[in-house]
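In this document, chain identifiers A, B and C correspond to the written order of the chains, with residue numbering beginning at 1 in each.
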Amino acid sequence: MPISREYLIKRLLLLALVVVGVLVITFVITRVIPARPEFLWAGPHATEEQLKRARQELHLDEPIHVQLYYYLLDFFKGNWGVSWRTRTPILNDLFTALPATLELVIIAFLLASLIGIPLGIYSALKYGGLADQVIRVLTVLGASMPVFWVALIFQTVVGTWTKLLPASGRVDDYLAYETGFKPVTGFYLLDSLIQGNLPVFIDVLKHVIMPALVLAIYPLSLSSRMSRSLMIEVLNENYVRSLEVWGIPKRTILLKYALRNVIVPVIASLGLSFGYTLIGAFMVELIFVWPGLGYYAGMSLLSYDYPAIIGVVVLVALFYSFINLIVDLIHAWLDPRVRL
Amino acid sequence: MVALVIVIIVGVVAYYVVTPPGGPTTTTPTTTPPPTKMIIYASLSEMTTADPSTEFSNSVMWLPLVYEPLLWYDPITDTFIPALATNYSSSEDGLVWTFTIRRGAVFHDGTPVTSQAVKLSIERTIALGQGAAFIWDPVESIETPDNYTVVFRLKYPAALDKIAATAYAAYIFSPKVVEYAGASNLTDPKVADWFNSGKEAGSGPYKMVKWDPENEVVFEKFADWWGWRLADYPMKSDNAPDVFKIRIIKDAVTQETLLLSGAIDIAMYVPLENIEQHQRNPNLQVVFKPSFQNLIMLINVKKPPLDNVLVRRAIAHAVPYEDIVTVARNGLARVASGPVPYGMWGHFDNLTFKYNLSLARELLTQAGYPSGINRTLILTYTAGDIYEARTAQLIKSSLAQLGIDVEVRPLSWEEQWALAQRGWEDPNAAQDFLIFYWWPDVVSPFTYLYNMFHNASKIFNLCYYENPDFNALIEEAVTLEGIDEARALQLYYMAQKILHDDVPAVPLWDMIDLRIARAGIGNLDKAINPAYPTVVFAQVLDVRR
Amino acid sequence: MSEFRLYLSLMRRNPVYLTGLIIVSSFVLIGLIAPYILTRPGDAWGITYDVSKRLMPPSLEYPFGTDEYGRDLFNRVLLGTRFSLMIGVGVVALSLAIGIPVGLVAGYVGGKVGTALMRVTDMFLAFPPLLLAIALAATFGRGLLNTILALSLSWWPWYSRLVYLQVSSVRNLPYVDAARVIGISEVRIMFRHVLPNSLTPVITQATLDTGSAILEASALSFLGVGVPPPTPEWGLLVSSGWHLISKAWWISFFPGLALIVTVLGFNLLGDAVKELMDPRLRNLLSMRRV
């Protein structure tokens, strides 16, 4: 179903509005609420002079709308402030960390969808039976577990006690150094393949599998539950019953009609799932020492590096909105019922 | 059908997972690089600046690998080891010191180390006046009668050999940095910017090849270092690592995890509860060394009711020192006796406070607070440090029994320090208690006593203590250090007695340093020196992989 | 009345749902009486400590073991129930208090005002769950009230949106028009007729969200921006055991277990209620012969 130009433009405008909204909200959080914001912004060992300069730079003595203007301007110019711990701009730090997180989140998300959705559909087909019950209990359990706890338990049992998989990190530094591995895209799995470096590829795989699995548990449970209830709905639709009555074989019904109507809303709901995965990544990265945005955010929180925390929050929020837009567009494209 | 495909995929993956890397099916690259010996050392904090003149913080961890001072100091044996100076002498009145510069020492850019380089480096440090530049205060002038002799003339007697061996502000670098930085002279800010962009101009055993101060800093062996060629030089090893990496890992648990998995080789911060376990692990080694780092709780002496000395004394008797050492450091510390740490000249064992809650209550009642203090006192510490966190919790619990409510607030060091700085204008705006570590620049009691308690030291005297008698005592003591040690010691004792009576701060514990490393690394004990905190002298390590 | 009977039959048929109900009721009960049934209240509140009893594994005397201060973990987890209850109820209540009025006004008044309010809501929804709460919590500082506030400020948009959708559809129903024709004031209509009929799904959702609120609060505490030590909040307890996990696994393990059981209870209950509410599934239920 082609997407009309008007719809696309409308959505992009909406995205722009959301971006501004996110920035306004963080502006309120960082400038309006704290009593002396320049303390939150001034660098290490801030002298009286530096504090004065901070006040100037942040335009703190001017009316709020002027401050807001400069705040927005700064963000769009790419001046997201400087982390207290380094002298480097936060935006640079974030872009260095981003590919690591993407690698982890994408793998986790793939695992969650490729396992969760079929599981949910299967469960719906076997409605009321033992398989259904077991799957439902497992997925409800999965949706109730705190990801940080699961991560700790897995890491301790699989990594530290039994040493089946590496307990932390992204790659073995020695191996990388000895085989001359150089990150190009930032996606180590891709980079190692591009460079034909099989040992590092396998090593990275070994490092990524545990955090990805742990991270996948919540969205997996979520998508399983969602697919299940959607599938049940579809199976009870009158048209499906009619098809049954007319004698069309079950398999055809499933593949040609039911599935199509389930996949689309499930994909639409993956957006929310993605949000939870992102946040789960914060804690998983922290525990597994995976050097992505989550690790950066976690360490910033640990040292109360305030500008860095806000930087991460803004980036993740923007990224999330963007992904949601994509998901909505895909949904609209796939679903003939949506009028654009 | 689908199941079959899945089984095949799982089988293939499992095969690769089980096969170790570099196993039979992997093709080795055609040009195998020679096995480089690399050591990775974990740092709890990010690296700060890279300017050898002004750096006064975390970068001390690597400066002694890339740069060299005139001398190294070993406080345990109280001896000096020649670095860029092969020998030295001082006049009888302690006002003229002459150093002979080593021939054959070169900077990493190839230029030889001469007395002019020494003079210019130290003069730049003095001129910039930042960081630990104050250690050169006694110096009146520096002369270079020839290429390999440096003569220091002092305004007043001082132990210049100790000063020249300091971990900060005593490094020699190539004067050519002016050229490299495109600056007009050494004090031009462009030079500092050049350093801080990740460049170095040292003469030490390692060159800096990567500067990512928040994540990792990497060093490679400098082949032309004079030390490698000296057969019996104590501070070098023939099997020193080719590559030394410092990785920033901001959390003790993570450091431990990475150490156990072999991802790093040396760690300084691991959960202390696990030390016994690690000592029994044949793959690891644990080395203990006395440290001159101690933890002190500064009290805001200008904010009521803490301006009442009886209240402060009460608090000093209400801190559970032994329990803190047990819980916070798992026993790996000594209860502090005065602000000068154990093992350092100038430390005295009779300056402790007894943990005695009834005495504390008496003192509080005398002060006029029989049922406690009715406002919540704020205690700040540096976020992320579990030892400080636990110490704070125990202090809070204990003071609660006196009716004193303490709010424990972890802050980043920047915030904590900024908050405390406000106390100079308005004591009521700052916190009540500040817990932090101190460690020495020059190995002398003066650094502890001056920085934290002399009222001219606005940066770290965060108890806002002002006592002219105390000031006079330590000012005299430091000048006598090079000449009349006995008298200096006496004065230091009297100064610390004043602190013990006035209680502007409560010293908590003296740290015992440790490093945990994988077992195959030799000479680790030699590579640690309390005068150079957090440093592992990589050039001394014996690594066979 | 038949609703209730249907509900009972559902429970009877499905022991899993019954479990959910039992868990939630126990949780609420324990949460309410916890401070009064502690055997070692000093340990639970974090006032006392005993260095000689540090890091002891679970035993009869200390069913969940002791932590690094020598405090009894079982008591602390028990008291933690109280804090989780307070947080869960607090967050949900406050979110409703903000979200309902916004959604009500937006849905009822409609037009430019409604759209504007909904755009604001959308902006808040642009943040992935918990992210905004982290930013707010980092600004406010640690504390029980701050945590509740931070979470509520990131949660209210969901309810606002729900109410908006409900109200928009209800306000066009014939009986509302009739009320207008009779002359009842708009405000009265809004509060006495439209609102009560819009609230059912919201209230249901809210009670079930309690479990998620507890989970998110524990995540905040784990990250160090939730409640301060020595509060025995479950997430904080898990993080306090992080450093010792390979040697003293019980410190992180049991509080995590408590979290799982509690949240599981709420999720199961939620499933039960959803199944109850859904007319199609109800048909299935009443038709199936077990």
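By our rule, a contact is a pair of C-beta atoms (placed from the backbone, for glycine too) under 8 Å apart; a residue touches a chain by one contact, two chains touch by 3 or more.
Quantities reported herein were computed from a predicted structural model and do not represent experimental measurements.
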Most distant chain from subunit B, judged by the mean position of its C-alpha atoms: C
Most centrally placed chain - per-chain CA mean versus overall CA mean: A
Of A-C and A-B, pair with higher C-beta contact tally: A-C
Whole-Å separation of chain centres (CA-atom averages), subunit B against subunit C: 46
Averaged-CA centre spacing for the pair subunit B and subunit A, given as whole angstrom: 39
Length of the line joining the C-alpha centres of subunit A and subunit C, rounded to whole Å: 23
Numbers and ranges of subunit A residues touching at least 2 other chains: 160, 302, 304, 306
In subunit B, residues with contacts to at least two other chains: 383, 410
Contacts with 2+ other chains: residues of subunit C: 224, 242, 245-246
Parts of subunit C lying in touch with subunit B, wherever the complex brings them together: 46-49, 51, 54-55, 68-69, 141, 224, 228-230, 242-248
Contact set on subunit B toward subunit A in their complex: 13, 16-17, 19, 21-22, 26-27, 29, 33, 35-36, 38, 40, 45-46, 48-49, 196, 213-215, 243, 245, 249-251, 254, 257-258, 260-264, 383-384, 410-415, 417-419, 421
Residues on subunit A engaged by subunit C in the complex (per definition of touch): 14, 17-18, 21-22, 24-26, 29-30, 33-34, 127-128, 133, 136-137, 140-141, 143-149, 152-153, 156, 160-161, 232-233, 236, 274-276, 278-279, 282-283, 286-287, 297-298, 301-302, 304, 306, 309-310, 313, 316-317, 320-321, 324
Residue ranges of subunit A touching subunit B (in the complex, touch as defined): 39-40, 42-46, 51, 83-88, 93, 155, 159-160, 166-169, 172-175, 177-180, 198-200, 202-203, 205-206, 289, 291, 299, 302-306
Interface residues, subunit C side, partner subunit A - complex: 16, 119-120, 122-124, 126-132, 134-136, 138-140, 211, 215, 218-219, 222-225, 235, 238-239, 242, 245-246, 249, 252-253, 256, 259-260, 263-264, 266-268, 271, 280-281, 283-284, 288
